Amino acid sequence: MKYPPSLVGLIRELSRLPGIGPKSAQRLAFHLFDQPREDIERLAGALLSAKRDLHTCPVCFNITDAERCDVCSDPARDQNVICVVEEPGDVIAIERSGEYRGLYHVLHGVLSPMNGVGPERLHIRPLLPRVQEGQEVILATGTTVEGDATALYLQRLLEPLGAVVSRIAYGLPVGGALEYADEVTLGRALTGRQRVSQPPASPLPRRDDEDGQGGSVPVPTPR
Amino acid sequence: MIRRRVTPAGDIIVTLLTPQGKIKAIARGGVRGPLASRLNLFHHVGVQLYQTPQADLGTVQQAVLEGALPRLAEPERYAFAHLMAELADALFQEGEFSAQAFELFAGALRGVSHQPDPEWVALVMSYKLLGLAGFVPQTARCARCGTADPAHPDPLGGQLLCVACASLPAYPPQSLEFLRNVVRRSVRASMDMPVPEEQRPALWRALERFVTVQVGNVQSWRQLVPHVAAVPA
Amino acid sequence: MKYPPSLVGLIRELSRLPGIGPKSAQRLAFHLFDQPREDIERLAGALLSAKRDLHTCPVCFNITDAERCDVCSDPARDQNVICVVEEPGDVIAIERSGEYRGLYHVLHGVLSPMNGVGPERLHIRPLLPRVQEGQEVILATGTTVEGDATALYLQRLLEPLGAVVSRIAYGLPVGGALEYADEVTLGRALTGRQRVSQPPASPLPRRDDEDGQGGSVPVPTPR
Amino acid sequence: MIRRRVTPAGDIIVTLLTPQGKIKAIARGGVRGPLASRLNLFHHVGVQLYQTPQADLGTVQQAVLEGALPRLAEPERYAFAHLMAELADALFQEGEFSAQAFELFAGALRGVSHQPDPEWVALVMSYKLLGLAGFVPQTARCARCGTADPAHPDPLGGQLLCVACASLPAYPPQSLEFLRNVVRRSVRASMDMPVPEEQRPALWRALERFVTVQVGNVQSWRQLVPHVAAVPA
Amino acid sequence: MKYPPSLVGLIRELSRLPGIGPKSAQRLAFHLFDQPREDIERLAGALLSAKRDLHTCPVCFNITDAERCDVCSDPARDQNVICVVEEPGDVIAIERSGEYRGLYHVLHGVLSPMNGVGPERLHIRPLLPRVQEGQEVILATGTTVEGDATALYLQRLLEPLGAVVSRIAYGLPVGGALEYADEVTLGRALTGRQRVSQPPASPLPRRDDEDGQGGSVPVPTPR
Amino acid sequence: MKYPPSLVGLIRELSRLPGIGPKSAQRLAFHLFDQPREDIERLAGALLSAKRDLHTCPVCFNITDAERCDVCSDPARDQNVICVVEEPGDVIAIERSGEYRGLYHVLHGVLSPMNGVGPERLHIRPLLPRVQEGQEVILATGTTVEGDATALYLQRLLEPLGAVVSRIAYGLPVGGALEYADEVTLGRALTGRQRVSQPPASPLPRRDDEDGQGGSVPVPTPR
């Protein structure tokens, strides 16, 4: 039995989508066959109009359909912090956490020489004029070797500009048990531990934000 | 681990260079679990694979971290580590047994991570890896005409040319000594005789040409090794 | 068909073990039936002698067969840090990470009033005389609400003793991508971020340990 | 979420109080994945359950965090949160629809988390939860002989006794006013009229007795509520 | 932060597809944003032309782009057997098994009164005129309760037409162990067992096809 | 840190059990450490007394603590059928299905030359004198290649004895969908299909047992 070319064509196009194997593509194609024409047209239309309308924000390289993205054009966001992330999806993840009110900068990748990705392939150059003396830049690339390398590279570029450069914390996920943590993460959780008691000498008042840890200071690593 | 790729479904596909040869495997859903920490680029891991006859990729069941080299993320080391991994990936085939290749590669990564002069480690180890895989630059005779004792750069093939065939001035004596002996002599001996920094760009160009002609395209150095990036592609 | 009582008895005892359901217990029992008598006797012997020989260390409450446990009796361990954990298994997990050279204190549980576990049910009281002024105590209980509550409880007890109290870091596990982190953990990873650039004013040399983050200082939380 | 237990196999077994009633479910292997963060004690989560007719426990497929109350881990709040959760677990049965119970319980946890006087929140909300579940202390008549307007503590049943049946002095007026009205009037009204701290131990003892006799054993207060801990069991 | 409407629209359309949750839809949308315009247009085109070109075969109700489907119009297929399946995907599954050379009939569903699917909602009526006296009809609906009910319903309809009605076998999947089979399947595997020895009396030559089971005869069920 | 030898020994013995990795063994050991002495002694006792009391039935090689097993000594079981299985656990699985009332014979393995298991290593020889002319022998070894090979081997031995030899059915598990079946199993489910309509000529009353398939007859395989 030969399959109709337009069925084969649809299955082939669907199986190009990431995370959709040939079997899922086939199931999707049969599912779509059963849908009313309007639904298919709406899906096709959504694909085309997304491609037509969306582009990257010229300031932060987040995805937008406007001249500037929603964060860059919101004066209520804290203009004094920039959080640097790998991908537009990371912006959504951070926004969902509700813990951040500053600006973003989306690199669209990580340094990976063996995949031909050097600094010039990432949106690094346009980040530099955005950074002011004393401004904080949070390096929120992934905690992989590639994410670390990209963060270290940026750190070297940003320090001479007088930026306060920080890195998101490595450690145990919330709800975790030591027993189930891998040894690398556990090691980082120990070396990155934060002082929670007040240093006896300094009479600074302890900050009282809701996680009870905001005012912590790091302690030297015991070996 | 010489390659790592995360699929949109959250699987991690890794390429490992092991004493039993090069292996490609998948850790299903790995990005959400403890495997993500262990299966990191350049990590030395012990893995337990489950291979079914049908599937082309083995599945990573368990992974134990044997050693991490976090300093490889530093800008002055990172590109060299990529170059080592990419060279190893290009030079060694799946199913090919090579405990020696594993040892050499692991030593190269350790060297790039810990030595004060990672560039020199990368140059030496690149030639050693090439030699182990059977790619030895011709240094006794001119690559074009066969005349003995050539001393000039070969801008196309990365080997050596005689004065007649050459268009560039001869290599300085240290560079020439290095190119003639690096494959044969011990790593330690080469490490003890570093070529001065100002001579290295020419060596990198030669290596880049040699690998591109003999082995194939390697992306890493075009991007980050400063001396080579200057070369017109 | 009725099963022989000693088979039934064995299956019942095996299925009491945590993580072993009735079906696995049955499989285990048949497997054991096939083993030589010596192997069974060795297993039974290991069970009995473990129960006979092992007890908790009177100092740190880790499991030991000696008067004091191996860590407590090792003068090479850093006597100036105590890491407080929930269970003996956590000691093993931390030792495997290779990032810690100090002492331990095993609570054997977490505060959980609804399960009837108050402070007096944990080995908290014997911790207090171990803590000296200026000594560091790392609170390495799990990152669950129970673990947090236990850590906060201990913090209040230990601060008046002049201890430097610290908490293991919350954050992204090593090898993680922001996109796959849950929003709670991502929020903690952001608020717990560590300064990696040198504060411009203080001319302190940056520590150069291998994770490049040891000398970091925390930065205020942007909202 | 009112209960959470991790099995040695790494599953998380949770008890949730939802607007659709109390539900017990399992998150298989949950302790190793992102569910562990969301399925935390006292978290307000939206869960997607998969229930097969055969299995007695539904499986948590997805969980979305709606709200966390991290301050509940503070020593002066933690035990009260446990008490609320344990009371809710004891009072409401699986399969029983109760949007009101959910709202009241959620409000109780928020109050214990945010109010400056968590003890008072816990006392008020305990009586409100009991009332919602149908357990209302008898305050109009002596619990032993039926005489009207009793005013003395009932050391056995936690209700009120007349002067003739009583062995203890009468409650102070504020305490008496509270016991007589808390179930009927609004939470806000009770919150605005806190009973002085020195009168509370007696109220806790009464509550403890009433719950133990009417509902059953509740562990939380025996362990941590300081006033009750002093009571001989 | 508000997301651009065309991004939101695309994510919504994608998350309507079966097996694609909101998070995968978001990931897909970001992936599609990164693809060249031509790829998006090709996918949209494939969707539209599949919907335009494909329809069900008027004979067997398989999916086709021709007047009749590829099986119905192939004279080399065994016209004497019809295999009745639930969905077009089942045709592909059976073709892949390579064990069948006859015709098909696709019901496009199973009887499910609870979901409002009665016989009139399935392509049952057009099956009847296709069935000749003595022709075999294989009921290859799923082994669920609904599949069984549909098969029994068809059996009652087809027997009076003189058809040889058969049902695909219930039993252990290839590569299975008894220990891991559920007890219902195991029971069916036992009652459906097939005689493999030659009946001593009947001198029929045993068929020797490659699975050694073709010539088997059923044996009465012991209880 | 060195672990106490009796802890290490217990972990080692536990991790020898099938399905228990080193990490589970460690968790089990810590769990056992927390149990009261009597529980440990009861587990050890159960292990030893199971080993002491249990042996294989001399007739069918099932596990028993009596002279003969419970099935062999039950006169109510159908003495006219013997079901041959690989392992004692398979007897339990079949009993649980409730579909069988005959006798058993446990081989204690399958033919596997690669693992050095030839016919002489299995309890095959004692099966032969049990089989009478006309008696049914159900070959219920697994549906793996080894199970098939063992079944074929037994078939050759048993046919000359005049036994009615049958094989458990291959096919779709109950509750299965064609789409999710692998193609090999699907092929077997098709070739093993059973006639459900009454043969028109033969006026035999159709058996009406509850699965509607007992009186079925196989149909020739279409190709």
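A, B, C, D, E and F are the chain letters, set down in written order, and residue numbers restart from 1 in every chain.
Following the convention adopted for this analysis, a residue touches a chain if its C-beta (ideal position, glycine included) is under 8 Å from a C-beta of that chain, and two chains touch if they have at least 3 such contacts.
By chain, UniProt protein names: A, C, E, F = Recombination protein RecR; B, D = DNA repair protein RecO.
None of these values were measured; they are calculated from a predicted model.
Student: Need the graph distance between chain A and chain E over the touch network, please.
Tutor: Contact-graph shortest path, chain A to chain E, evaluates to 1.
Student: Give me the superposition rotation angle from chain E to chain F, based on Cα atoms, as a multiple of 5 degrees.
Tutor: Rotating chain E by 180 degrees superposes it on chain F.
Student: Which chain's mean C-alpha position is the greatest distance from chain D's?
Tutor: Result for max centroid distance from chain D is chain B.
Student: Taking each chain's centre as the mean of its CA atoms, how far is chain C from chain F in angstrom?
Tutor: About 43 Å separates the centre of chain C from that of chain F.
Student: Counting in whole Å, what is the centre-to-centre distance of chain C and chain D, each centre being its mean C-alpha position?
Tutor: Each chain's C-alpha centroid was found; their separation is 31 Å.
Student: For chain B and chain F, let me know how many angstrom lie between their CA-based centres, rounded off.
Tutor: Their C-alpha centroids are separated by 54 Å.
Student: Going by the contact rule already set, what residues in chain C reach two or more other chains?
Tutor: 18-19, 27, 87, 89, 144, 151-152, 173-177, 179-185, 211-212, in rising order.
Student: Please list all residues of chain B that touch 2 or more other chains.
Tutor: In chain B, residues 8, 32, 34, 37-38, 40, 70, 73-74 touch at least two other chains, as defined above.
Student: In their shared complex, at which residues does chain B touch chain D?
Tutor: Its residues touching chain D are 32-34.
Student: Can you tell me which positions in chain C touch chain B when the two form their complex?
Tutor: Where chain C meets chain B, its residues are 173-177, 180, 210-212.
Student: So in the complex, which bits of chain B are touching chain C?
Tutor: 6, 10, 31-32, 34, 36-40, 70-71, 73-74
Student: Which residues of chain A touch chain E once you look at their complex with the stated criterion?
Tutor: 1-7, 9-10, 12-14, 16-19, 24, 26-33, 37, 39-54, 63-66, 70-71, 74, 87-89, 91-92, 95
Student: Which residues of chain E touch chain F once you look at their complex with the stated criterion?
Tutor: Where chain E meets chain F, its residues are 78, 80-81, 83, 85-87, 89-90, 93-94, 96-102, 136, 138-140, 142-144, 147, 151-152, 155, 158-159, 162-179, 181-200, 207, 209, 211-223.
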